[in-house]
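Next come two complexes, and both contain subunit A; in the first it sits with subunit B, in the second with subunit C.
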Partner chain A sequence: MRISQQISGQDERIMLLHFEGDLNATDCDATSKIFQEIIDSQKFFIIALMENVTFVSSPFLGELMGCKLRLVERGGNMVIVGLNYDLRERLIQMGADKIFQFYPDTHTAYNHYHWEYTQTAQTVQITLPPKLRSVPAVRRFISGIARQKGYSSRDAFRIETIVDEIANNAIEHGDNSQPAINVELRIDRKKFELLVRNKTLMDKANQLQYVIDSNQEPTQGSDQRGRGLALVKLISNSINVSIDKAGTEVKITKMREDS
Partner chain B sequence: MDTQIELQISELENVSHGKLIKFMGDLDATNVESTLDQVTKLIKEGFVQIVADFRNLRYVNSTGLGILLHFSKTAKEKNGCFKIANVNDNVYEIIEIIGANTLLDIYDSVEEAIASLAPRR
Partner chain C sequence: MESPEKDAVTYSVHLPSDLEYIPPLRQFIAEVARVEGYSKKFCFRTEIIVDELVTNGILHGSQDVPSDIILSAKFESGQMHLSVQDQGGTRQNLENLKRAVYSPKPPSSDKKKGRGLVIVQMLSSELKIDLGENGNTQVHVIKTKDPEDSLGQREKLLYESDI
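Take a look at the complex of A and B:
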């Protein structure tokens, strides 16, 4: 076995550990010492690069699990990158996929790190024509992003509902001459934010503000707008409206259920 | 492109003025009008004992819920009913949050919904 370490050029909080050759039981002590040195240097995030690894023994895998535990106890983590297909299959048979995340390249591992530990939000901006028929594809797309980002099926469904109701509202009650509806989604590990901007006639915008401020029950009355917004209020954590001459912006925040 | 929703309508055996409607797809603002037209036509033709099978209804929004409440109200006004069965968990939750579960007749299965209907005389 050969092992070398290098501080990541992308983020100095991350240590890159290059492993090469066969990882045997006899390499456990040396590996444990290296991990301790890294922990002592206050680095708790490790990307283990294993594209040149040819074999991983069970005792060595056990040692890696122990090393990972030491990192996790300090709020850190270790992920494995670049394993060849056969080794990856072997480790999965040994149950290692329950402990480690495997990634094909360092780029994906960095993305995982930023998503999980730096609370960096990812943003998607969509411009859609002010037609009701453009909404279903957008709502399913955004719901799909939420699922891909690890949100539960229930959260994703609620997000789909929020997008649908707010976008429909912006189209149905917007100025007929508005050229487009702007939808912006910001998602991080803990929360989902949706901003919908459109051009609304001032009286309708004030009506929107009134509906949002009121405590109308969803089933009260026959007004679709009231029912949709009441539903959004109930399934989101906050809803804010800002109105000016340029248009109306509705901002919805929904916390991730299991965050 | 409008969201696809398909309504498969069939007879309900041993139930007078009865129809089974299978909803398949998403019920939303893009297709409420066509759904409203199809079900209203049935009710106008006198089929007022309706069971709606939601096994394959993936999604419903507030506009869709609005017409479901309308179907229920209209059928009841004609001494009939609009019963719903096989609602998936996500859709049921939205129905519940909006408070429509107290206004709609919801059953676990089509069989249970049919059993609750008045038999053919």
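Take a look at the complex of A and C:
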């Protein structure tokens, strides 16, 4: 076995450990000592790079688990990157996937680190033509992102409902000459924000503002339409509208329910 | 119900360089193509193209964290113009990309990687790259609707009932 360490160029709180060759039981003590040195230097996040590893023995895997536990106790973590397919399958058979996260490359591991520990929000901007037929694809895309980022099916379904309602409103009540609708989502571990910008005729924009501020629906009695915003208010945590000459922006925040 | 029109329509997505976004993104572009009147086969092939180009952009182009990928899909006159922009990789990455696009050769059978752009070329009508002044790389694909790709009346009705 060969093992070398390097502070990450991306983030100095992360240590990269390059492993090479067979990881045997005889290598456990040396590895444990290296981990202790890293912990003593106050670095608690480790990316174990294993592209060039040819074998992992079960005692060595146990040692890695112990090292990971020491990091987790200090609020850190260790993830494994670059295992070849066969080795990864073997480790999964040994149950290691319940303890470690495996990533194909360091880039994905860094993304995971930022998502989990620095809780940086990620932003996706979508520009779509102002056609109602585009909305189903957009709402499914956004709820798909929520699922992919670990939000529950219930949260994702509610997000889909919110996107559908707000995007449909932006198109239906928008200025006919508007060239595009802009949808932006900001997602982090704890909350989801949706911003929809469009060009709305001023009277419709004021009506929207009224509906949101007054907690009332504009239509009364037997009218079968106009309940969408009430539903959105019910399933989201906040809703704000800003109107200026450039257009209307609706911003909705929804907290993750299982966070 | 609105029907797909002949005028150009453009969808664009600006997203973080993160592999987790690829499955919903590729499904989105395939669904959008379907909405714009392209056949299931065309959409499935589009999904493969998007998957490959965005994966390449993330793994070899926008490698910093955080960094972004910009994808745009324009549908016009029976053609889809797809463009994927990343923040540019290393010189070696660029050389590999140019070689793969302009002198494609399937890799030998023992190589595990390097077949993606060959497949993209097979599935598209045109593939080219642009290197931006600020170091960005843009990969452009044009995919033309074949007569067999047109959505038939029966398929159109089935799709509308799906919506």
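By our rule, the second predicted complex is superposed on the first by the 248 of 259 C-alpha atoms of A that agree within 3 Å, B and C clash if a C-alpha of one lies under 4 Å from a C-alpha of the other, contacts with A are read in each partner's own complex, and residues count from 1 in each chain.
In this section, a contact is a pair of C-beta atoms (placed from the backbone, for glycine too) under 8 Å apart; a residue touches a chain by one contact, two chains touch by 3 or more.
None of the values given here were measured: they were computed from a predicted structure.
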Practice task
Classify the contacts of A:165 with the two partner chains as first (subunit B alone), second (subunit C alone), both, or neither.
Solution key: first
Completion exercise
Larger residue footprint on subunit A, choosing between subunit B and subunit C, goes to C
Handout entry: Which of subunit B and subunit C A:133 touches, first, second, both or neither
Key = both
Practice task
Kindly classify A:117 by the partners it touches after superposition: subunit B alone (first), subunit C alone (second), both, or neither?
Solution key: neither
Practice task
Go through the superposed model and pick first if A:144 touches only subunit B, second if only subunit C, both, or neither.
Solution key: second
Exercise for the section: Name the contact category of A:105: first (subunit B only), second (subunit C only), both, or neither. Expected result: second
Practice task
Considering only the touch criterion stated at the top, classify A:153 as touching first (subunit B), second (subunit C), both, or neither.
Solution key: first
Completion exercise
Residue overlap on subunit A between the subunit B interface and the subunit C interface 132-133, 136-137
Fill in the blank from the handout: Note: in the complex, subunit A contacts subunit C through residues 10-11, 104-105, 107-108, 110-111, 114, 120, 122-129, 131-134, 136-138, 140-141, 144-145, 147-149, 180
Practice task
Could you please specify the touching residues of subunit B with respect to subunit A in the complex?
Solution key: 1-3, 26, 28-30, 59, 61-63, 65-66, 69, 89-90, 93-94, 97-100, 103
Handout entry: Partner subunit B, residues of subunit A touching it in the complex
Key = 132-133, 135-137, 153-154, 157, 160-161, 164-165, 168, 172, 217-219, 222, 224, 227-228, 230-231, 234-235
Practice task
Quick one: which bits of subunit C touch subunit A in the complex? Just the residue numbers, please.
Solution key: 1-2, 4, 9-21, 23-25, 27-28, 31-32, 35, 58-59, 63-66, 163
